[in-house]
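By written order: A, B, C, D, E and F. Residues from 1 in each chain.
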Amino acid sequence: MSHVVVTDIARADAEVVDALAEFGSATVHEALGRLGFVGAHIRPIQQDAVVSGSAITVLTAPGDNLMVHAAIEQAQPGDIIVVAPLTDSPYGMIGELMATQMQVRGVRAYVTSGGVRDSTELRRMGFPVWSALVSAQGAVKDTAGSVNVPVVLGSAVVHPGDVVVADDDGVTVVPRLLAADVLDAARARAAKEAANRARYASGEISLDLNALRPVLAALGVDYVTQADHDRR
Amino acid sequence: MSHVVVTDIARADAEVVDALAEFGSATVHEALGRLGFVGAHIRPIQQDAVVSGSAITVLTAPGDNLMVHAAIEQAQPGDIIVVAPLTDSPYGMIGELMATQMQVRGVRAYVTSGGVRDSTELRRMGFPVWSALVSAQGAVKDTAGSVNVPVVLGSAVVHPGDVVVADDDGVTVVPRLLAADVLDAARARAAKEAANRARYASGEISLDLNALRPVLAALGVDYVTQADHDRR
Amino acid sequence: MSHVVVTDIARADAEVVDALAEFGSATVHEALGRLGFVGAHIRPIQQDAVVSGSAITVLTAPGDNLMVHAAIEQAQPGDIIVVAPLTDSPYGMIGELMATQMQVRGVRAYVTSGGVRDSTELRRMGFPVWSALVSAQGAVKDTAGSVNVPVVLGSAVVHPGDVVVADDDGVTVVPRLLAADVLDAARARAAKEAANRARYASGEISLDLNALRPVLAALGVDYVTQADHDRR
Amino acid sequence: MSHVVVTDIARADAEVVDALAEFGSATVHEALGRLGFVGAHIRPIQQDAVVSGSAITVLTAPGDNLMVHAAIEQAQPGDIIVVAPLTDSPYGMIGELMATQMQVRGVRAYVTSGGVRDSTELRRMGFPVWSALVSAQGAVKDTAGSVNVPVVLGSAVVHPGDVVVADDDGVTVVPRLLAADVLDAARARAAKEAANRARYASGEISLDLNALRPVLAALGVDYVTQADHDRR
Amino acid sequence: MSHVVVTDIARADAEVVDALAEFGSATVHEALGRLGFVGAHIRPIQQDAVVSGSAITVLTAPGDNLMVHAAIEQAQPGDIIVVAPLTDSPYGMIGELMATQMQVRGVRAYVTSGGVRDSTELRRMGFPVWSALVSAQGAVKDTAGSVNVPVVLGSAVVHPGDVVVADDDGVTVVPRLLAADVLDAARARAAKEAANRARYASGEISLDLNALRPVLAALGVDYVTQADHDRR
Amino acid sequence: MSHVVVTDIARADAEVVDALAEFGSATVHEALGRLGFVGAHIRPIQQDAVVSGSAITVLTAPGDNLMVHAAIEQAQPGDIIVVAPLTDSPYGMIGELMATQMQVRGVRAYVTSGGVRDSTELRRMGFPVWSALVSAQGAVKDTAGSVNVPVVLGSAVVHPGDVVVADDDGVTVVPRLLAADVLDAARARAAKEAANRARYASGEISLDLNALRPVLAALGVDYVTQADHDRR
């Protein structure tokens, strides 16, 4: 029940972490068995950014960024700082000055179920952010919290060292120990999709490729004309 | 109470459908007597796209895109696929592979009260989407639904073959049989607005052009100085 | 309890009003003692716009823009029109034609807890807007309201002549009589931040610059290894 | 596109309408093939009321109850007045005086996607209401609308004369022409549930009664000990 | 910009304050010209309570109840404590122990745009509360705020000494200096409603009493049969 | 990444579990260091119920209750079934028949971030429920999930065997291994509160008992007269 900063967390293999970015949050979430997506309310503040990295997790009081200051020191190149306020937090918890410190240390992104500010500058700096909101409302530095403990980010739990994959579709969290398996599954899935993409581009449809016609029939879906339908 | 795919829906005249796009969802909604707007929560995932098309309607279970696969086969060039999950559906129900099939068949847009994914790719493909959300969370293909039956899309009912007009202001639905009349009304309205625009640009104001001063007087709105107001 | 249009409101010194824009809504809100932010739900419809101006306030019925027509006549160059519907108002209360009139008169922006439409055109015109939503749903001109009385805009009260500062982080309202003091405070704050920015860019961190280590210690936050933490 | 009051709508057989109340909104919605529920946001303002009746539908502007006055005259004993404002309507559109008129005419309930007021008195009168909200904010009587046209109520379309079933679980709408079939299906379902209820009360479980063990097995759900699970 | 506790606020005449309770929030809001309602999201935690009182206003940080402690000392018998956190505040900011202090001092109710806890005990004590939410999440006592300054409560501004009227329909705020006039208007309105209530109970309808038939005609609302309507 | 039912979870000491109920969710959450509250959106469907029990956790697809059927078999007397759909789930996932099975087996309550139905019957049965919503919309039994794995319930993580404490203030989750310590802390807290309650009831105030006057002074909060305040 006391608060801690854990200083020596384990991370997934760097090549695995980096490779996951190329598949994006949707494919990675599929490869994880349709789990790990944090929810549609955590959105990018920029367009077209795709990142993956190891989570430095931060548990804070709403509107209090004290522990984010502490988290920056714990970050290494390739990390993503994940900030989960305990309840709704309609504040801009970090801005340009905090992001500068992160960027200097090689932090790849900031992900939060709360908010950020200085959004114009953050985009100009090329420092990507995913957040529930943007707000000019500032934070204080008064309340204890923890760094590198498990946190709830939207509908997912993030453990320190888990892999975070984020793009325009949102944020997916991959448990550290599953990262290599998920990468394999994502590669397999992407290969299959590439094959299908070519067939769709040439006019085939998924009703056939996925053998869905018998599924529809088994579920009792009838094909009818408008005239027949009106007569029912 | 059984599920169907209606295969031969009627559509409005193609020239009428196409012409409605040039007026946009706001003017068309006015021309329809201020009806048909589906609500501010269904937003474009891109900027500056304007489309009109004939609705292929799809009634689905939340998080289940089986019937969207069936709907693609029913679509013709110039159609817009309109997907209405039965309740809230925070899923990315389609992505790039589904959109590729639609684009090959000449489908002009995808409109939904649920969500989509692969949003980056959808924008790159130039395939426009209006949706309630973007989500990496994927769908299944397990549950029966219907294609080309009336559906509730936000605050509007969409019948198959109705005309959908969508732009940055959102989505307006025009009943098929009223499409030609609405086009006439939209043209008249746009002509009047063009005339007014020039007068506004030269400094006139709508208080005069719309004869609103007597309306204000009749409603008892007084013009007062700050000093007089403070004395009240 | 009757409705008025106040015709001769006081404004802050024009140089002060103009100068506040350069600091943005977040810094200005800090300079005001962390007050005046209207809430994260009032968002820009464009990117990268930064404005400041004197508030022309408008109290309206939801979905009724009669008083906005009246407000335009009261506006002077450098003003910002602030429209606060009495309750939720999911309407596009103004569009291109109203904005044209505003722009001709030198109005710098439109800020509302309701909605706007013609959003594409508004962006093309370079007329900046902050609103709670975008909607094609049109307004009527039937109901009395007031111009230049105090209004509630999100979580802030706006008096006529107050200074509005708006950018990508949202909207902050500065009481007219405090504008000069707030400008001084914003300048001091910005100077201090510039100094810190350089130090952060060279690798220092805020944990040291802000002397936060003793704060953490006083709050009982422990630094522990993962192994020690797991043993607790 | 003009507004009407339809004066001679068809209703379902009165015995069928009355009989549906005994099954409640959940069973009736199941009997309709899991359709017709208007959404969890339309809630009773009282507890333990159960009603069924024929819909008098009312399309209104938000915050304007003119057409509700017109609707009362069209109501017969056994009807339920269903009011669907065109967009969000955070107003108390009716109160005690309107409800008195309804009750005198034998109207059984008031159902709305907007709000009501005088909620204390409505409960004391024993006049049941289902609404999206309760609000002291009053309505005006200025805007045209329609009575007895199809309306969108939450996620369902209500046609005049459709059967509305409402209880503590919310509101379900049954198309008029399906009412008798749905009643039969509800009776069958209730009979089956009564049989199961006794078996559950004596200790049997649905995993067996519904033969769900093979379903779990087919889906690959494993039964494991905690120790085995931790080893995975 | 500094924080204060104002110690000697003016209140409205006690007889006027007390008398307003008998009319309830809806009638009082009408008597005020349809203004002063704080919004449907601030709800009673009990049923059938009706109170009026003079506002002790409290501006707090979200989740920090320090200033509520200070406010209790400023309260007199007949007051209502009105707590407005600066932004969303999903906390139970007070519970039984704070309410005990209030009740001992004759405070009549607690009204907040944030939350409360110990809701069971508060109901048992007969201490009425109107709040945006109920939450077990506790508050801290760390941050400065103000007592008896103007605050924003939902969509209304509350000045210290304003009259608060609250019942099952929600909360209405009457400016102190208008309280006597509003009481007169409420009495006139209630008398008129009592007369109408008797007529409605005997079968007359508001369409006639309010002379709404010509209004409908002027707005172009047609009375048609279903057959005629279908032919359109 | 596969789905499991864990069959032999550990529970906290039964006396500890039972004893926690007497303190309620607010005091228990304080005793846990202000953690463990699941959020204000998960509400009781009844009034005045207070329960504690050991969590049987259930991870489901939205709208699919297959795994709840499986969970019932795993429950023992004194357990609480905790159901966390993977995303928003506006369905009545269980009703009277499922609750009957639970009640027969000694399950004390049902807690969910989704919905329930048959709410009238559940109250009549005296089977307490905490849920995000009530909905007649029914569930299917088609999709795999897990029983007795860690789940995210609102803003808390629930592990199987954790202690759930629920009352009118909402739901708090206590990690199993901390249950005894939290009980001690809750007792200490309750004893202290009892002592304070008596002093408050006799007229003392928390400003004195909590020594808050110097806190206010240190934060720069000034006590001023209205006249002095107006002069600032």
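FYI, a contact is a pair of C-beta atoms (placed from the backbone, for glycine too) under 8 Å apart; a residue touches a chain by one contact, two chains touch by 3 or more.
Since the structure is predicted, the reported quantities are computational estimates derived from the model, not experimental observations.
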Fewest hops from chain C to chain F - one hop per pair of touching chains: 2
Number of hops, chain A to chain E, where each hop joins two touching chains: 1
For chain D placed onto chain F, the superposition rotation in degrees, Cα atoms, nearest 5: 120
Far-end chain from chain E, centres as C-alpha averages: A
Higher-contact pair (C-beta pairs counted), C-E versus A-B: A-B
Centre-of-Cα separation between chain C and chain A, whole angstrom: 30
Centroid spacing, where centroids are CA-atom means, of chain A and chain D in whole angstrom: 39
Touching two or more other chains - residues of chain E: 2, 34, 37, 39, 86-87, 90, 137, 142-143
Chain pairs in mutual contact under the definition given at the outset: A-B, A-C, A-E, A-F, B-C, B-D, B-F, C-D, C-E, D-E, D-F, E-F
Residue numbers on chain B that touch chain A, as the complex places them: 2-10, 66-67, 69-70, 72-73, 90, 92, 95-98, 100-101, 104, 115, 117-120, 133-138, 141-146, 148-149
Chain B to chain C touching residues, read off their complex: 24-26, 28-30, 34, 37, 39-40, 43, 47-48, 50, 167-172, 193, 196-197, 200-203, 205-207, 210, 212, 215-216, 219-226, 229
Touching residues on chain B, where the partner in the complex is chain F: 61-63, 86-88, 90-91, 137, 140, 142-143
Chain F residues within the chain A interface of the complex: 1-2, 32-35, 37, 39, 86-87, 150, 152, 155-157, 178, 181
